[in-house]
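Both of the next two complexes hold subunit A, though its partner changes from subunit B to subunit C.
Now for the complex of A and B:
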């Protein structure tokens, strides 16, 4: 009697926890399903024109180009700095700045992204007198950097210290041990950070609101001129009263989902391969 | 007499802990010199003062002298990087770099230090080192494989080849067979007997039996102090100190 009561309690608890867990993921699957159901017919109806045409032609080509340019440019600006910051936090964990670096990176990850947008507007867009791809990419780079730095730091820390000792025992300088031995050993972890950071910025809207400007009737021609982005376009189209714009927004949502998953799925696959 | 390594009043502290206490040790050129003692006696710490690898541990402080062929490696103008090029090291856990091929594991020290002039010279040196480490025959057909597929004993011999490729004058070995199966251990011990003709090998071991099998000279360390040192035969058969006798007969730690 006592035993069966205990087991019943355990069962109830187990089912309860399981149900709650599933509940949490319902929105995720609902979002994916809705985007597919509403977005797919739009793309199917308009065909390749949707992916390459301008907004008045019923397409989001310039926005897709803008998202790729912004993501690429932000990676170009952010990755080298982020990598070096991660290495610094790993190499000098006991120094005052090293200790602060870890804390500050954590804060940067959680920082409200719209504030980053406001900041970049102040220091880049206002002095330049125009929105630009450069300003948008800089805002995104600021968001990308802490992800890559934290992942770089963690990936290096996971390497057993015996490999570090081995590197030094060969008469290598600190720089060679870190950049030529440890960093290549940690490349999967670092790459994961890069991809997560890029997936994150590819879907960002808030930091672009006051920096990128938007460009949907022609393809971007210069990094110092305004540029569009898929999430930014969705944000603007949804506010329009026109049902055609709403349809375009659904199609754009599916494209954004595809871009995001296109970056994210390789991360999952590469994580499985990790072995030491 | 010229010694490969000589310590003069060597002290090591980890923070407040005094782990090596005023050791004076003379390690002759050529042959296997075993540093033995129970776990925690400071033998690995002492080994790491011989190539200044101890400095990777920020809490460690070294006092006294370590002379490499007469030259104090702790004097202010000595670059630890240069010391480590002359003193190779093999570790307790076989640690070939997992992301490099067998070939590159042996070549990396030479490559990154710019010690060879051509690809041919590098090929030759890699082959030479692998032969010296008695691994060539087992890996010559798969130099581009990764060390993950090698056995523990093979990995350890690969690490020995990596160290030998630098043509060091002294080879430090920190319990190189602690994580190796008996067959692999026997092979490595056999290899030590060959290498000692050309090199000074300082072997840290917690096993008096291993020291007896391979060493020409042994030192017995206990709680950071040098208890006894001398020719292996003498120390094992006729120890002067009671603690040494207890240790070599297995009555201690």
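Now for the complex of A and C:
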């Protein structure tokens, strides 16, 4: 009697957690399906004009260009700093500054991104007197940096310490050991971090709200002028009362989803663990 | 003279830049918030008023409703996310066959990284009408005498919609932390429990007690994420100043307030400063929550590894 009661509990428990687990993923499938169903007809109907045309022609070309510019510019600004910080945190794990650095990086990953946007607006966009690609990229760079630094740190830590010791025993300086021996060995992990960081910032909206400005009727021409971005455009179109704008927003969402999954899935499949 | 290591010459500037950026942020928020703090004092955070006026002497701001909205929606989110992520962790670690396990982990990672604006557009066009028609209307029709359900769900943009959308967004994040912790439970413990003849359910109950600190820190960090989320929330919350516990009422959060009002804040004398003060409180909440969550998690990980 008692045993059967325990077995029933066991069954109920199994079914319960199985159902809850599946429940978590229902929204994901629903989101992907909705974006495909609503976005695909828009792109199919407008054809290549959707990907290359300006907003009044029914396209999001400038926004796509803006997203690529912002993403690469932010990588350019953020990567050197992120790499060096990650290396530092790896070399001095026990020192006070090293531990503070690690904690700071983790806090920065979790930090509300809108705050980064408003900060950059105040220190870059306000003095310049205009929104610009540069300001947007700087905000994104601040968000990208901790990801790349943490991945660099993790990638270096996975290298067996014998290589370090061997390097030092040859009389090499710390800089030579780290930059010439360890960093090339950790290349793959670092590259993964870069790509994940770029996938992340390509989809960011909040940091661009008051920095990038938006530009949808012509292609961007200069980094000191306002620039558009796909997520930013979606945000603005969703708030418009016009159904045509909503259609464009769904099409743009499909493009954004494709960009994100295009970067993310290949990395994720070639990797054991990802931290976001 | 001691030779300065070239390694330090190369890395120190980068480390200093990162620290300066963070300190600079705090400084910028603080100094820009000062005019509003001087003028309204603590009432800025404790009162619920929003009177924008051309004439500076008539401007009055108090962002209590937005602070309440941030906390309320995030609590709704973690109340939903917590049971889901614990169930997920147990299922993935204990029950799922290897293939399914990998598939679940990959899906969860995709959910965690998905651009938030995609959650936003889906939330605004699908989730809000769905919740309004299937959850809010029936509850309001039959149970509106309960204060929580007493607000008529007209548009559907509400604290509940925001809370549910946030729950969907932070669940994979909390799941990852809890799953990792559950996975770290030493194997001997499992063996010992099973050797006593426990069923899996009974074993799970005991093991979840063991990882309790990790579950708590995962929840705290998920709360931190939810508090900082901006665009998805601002598309579903209704953007109205409403200091209430009514779930179906439209509201504001600090981040959606900033996102919504900053664009035209420059016209008014004190609004910009007020929004910086709002950012400052978000800064402080975000920092405190994350420091506590991360510290707890680290301490637990160290204890387990010993």
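In the analysis below, the second predicted complex is superposed on the first by the 259 of 276 C-alpha atoms of A that agree within 3 Å, B and C clash if a C-alpha of one lies under 4 Å from a C-alpha of the other, contacts with A are read in each partner's own complex, and residues count from 1 in each chain.
As a working rule, a residue touches a chain if its C-beta (ideal position, glycine included) is under 8 Å from a C-beta of that chain, and two chains touch if they have at least 3 such contacts.
Here the structure is a predicted model, which is why all the values come from computation and not from measurement.
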| item | value |
| --- | --- |
| Subunit B versus subunit C as contact partner of A:262, first or second or both or neither | neither |
| Which of subunit B and subunit C A:94 touches, first, second, both or neither | first |
| Subunit A residues touched - subunit C or subunit B, whichever exceeds | C |
| Which of subunit B and subunit C A:165 touches, first, second, both or neither | first |
| Which superposed partner A:173 touches (first subunit B, second subunit C, both, neither) | both |
| Touching partner for A:47 - first (subunit B), second (subunit C), both, neither | neither |
| Which superposed partner A:181 touches (first subunit B, second subunit C, both, neither) | first |
| Touching partner for A:209 - first (subunit B), second (subunit C), both, neither | second |
| Where subunit A meets both subunit C and subunit B, residue numbers | 173, 275-276 |
| Parts of subunit B lying in touch with subunit A, wherever the complex brings them together | 51, 53, 56, 58, 81-86, 88-89, 91-93, 95, 97-99, 108-109, 112-113, 148, 159, 162-163, 166 |
| Residue ranges of subunit C touching subunit A (in the complex, touch as defined) | 5-7, 10-15, 17-19, 21-22, 24-25, 28-29, 32, 83-85, 87-88, 90-92, 95, 104, 106-122, 124-126, 168, 171-173, 175-176, 199-202, 204, 221, 224-225, 227-231, 235, 255, 258-259, 262-263, 275-276, 279, 282-283, 286-287, 290-291, 294 |
| Touching residues on subunit A, where the partner in the complex is subunit B | 94, 160-166, 168-173, 176, 180-181, 184-185, 187, 275-276 |
| Complex interface listing, subunit A residues touching subunit C | 6-7, 9-10, 13-14, 16-18, 20-21, 23-25, 27-28, 30-31, 34-35, 38, 80-85, 87-88, 91, 97, 100-101, 103-108, 110-116, 118-119, 121-123, 142, 145, 149, 173-175, 178-179, 196, 199-200, 202-206, 209-210, 231, 234-235, 238-239, 246, 249-250, 253, 256-257, 260-261, 264-265, 268-269, 274-276 |
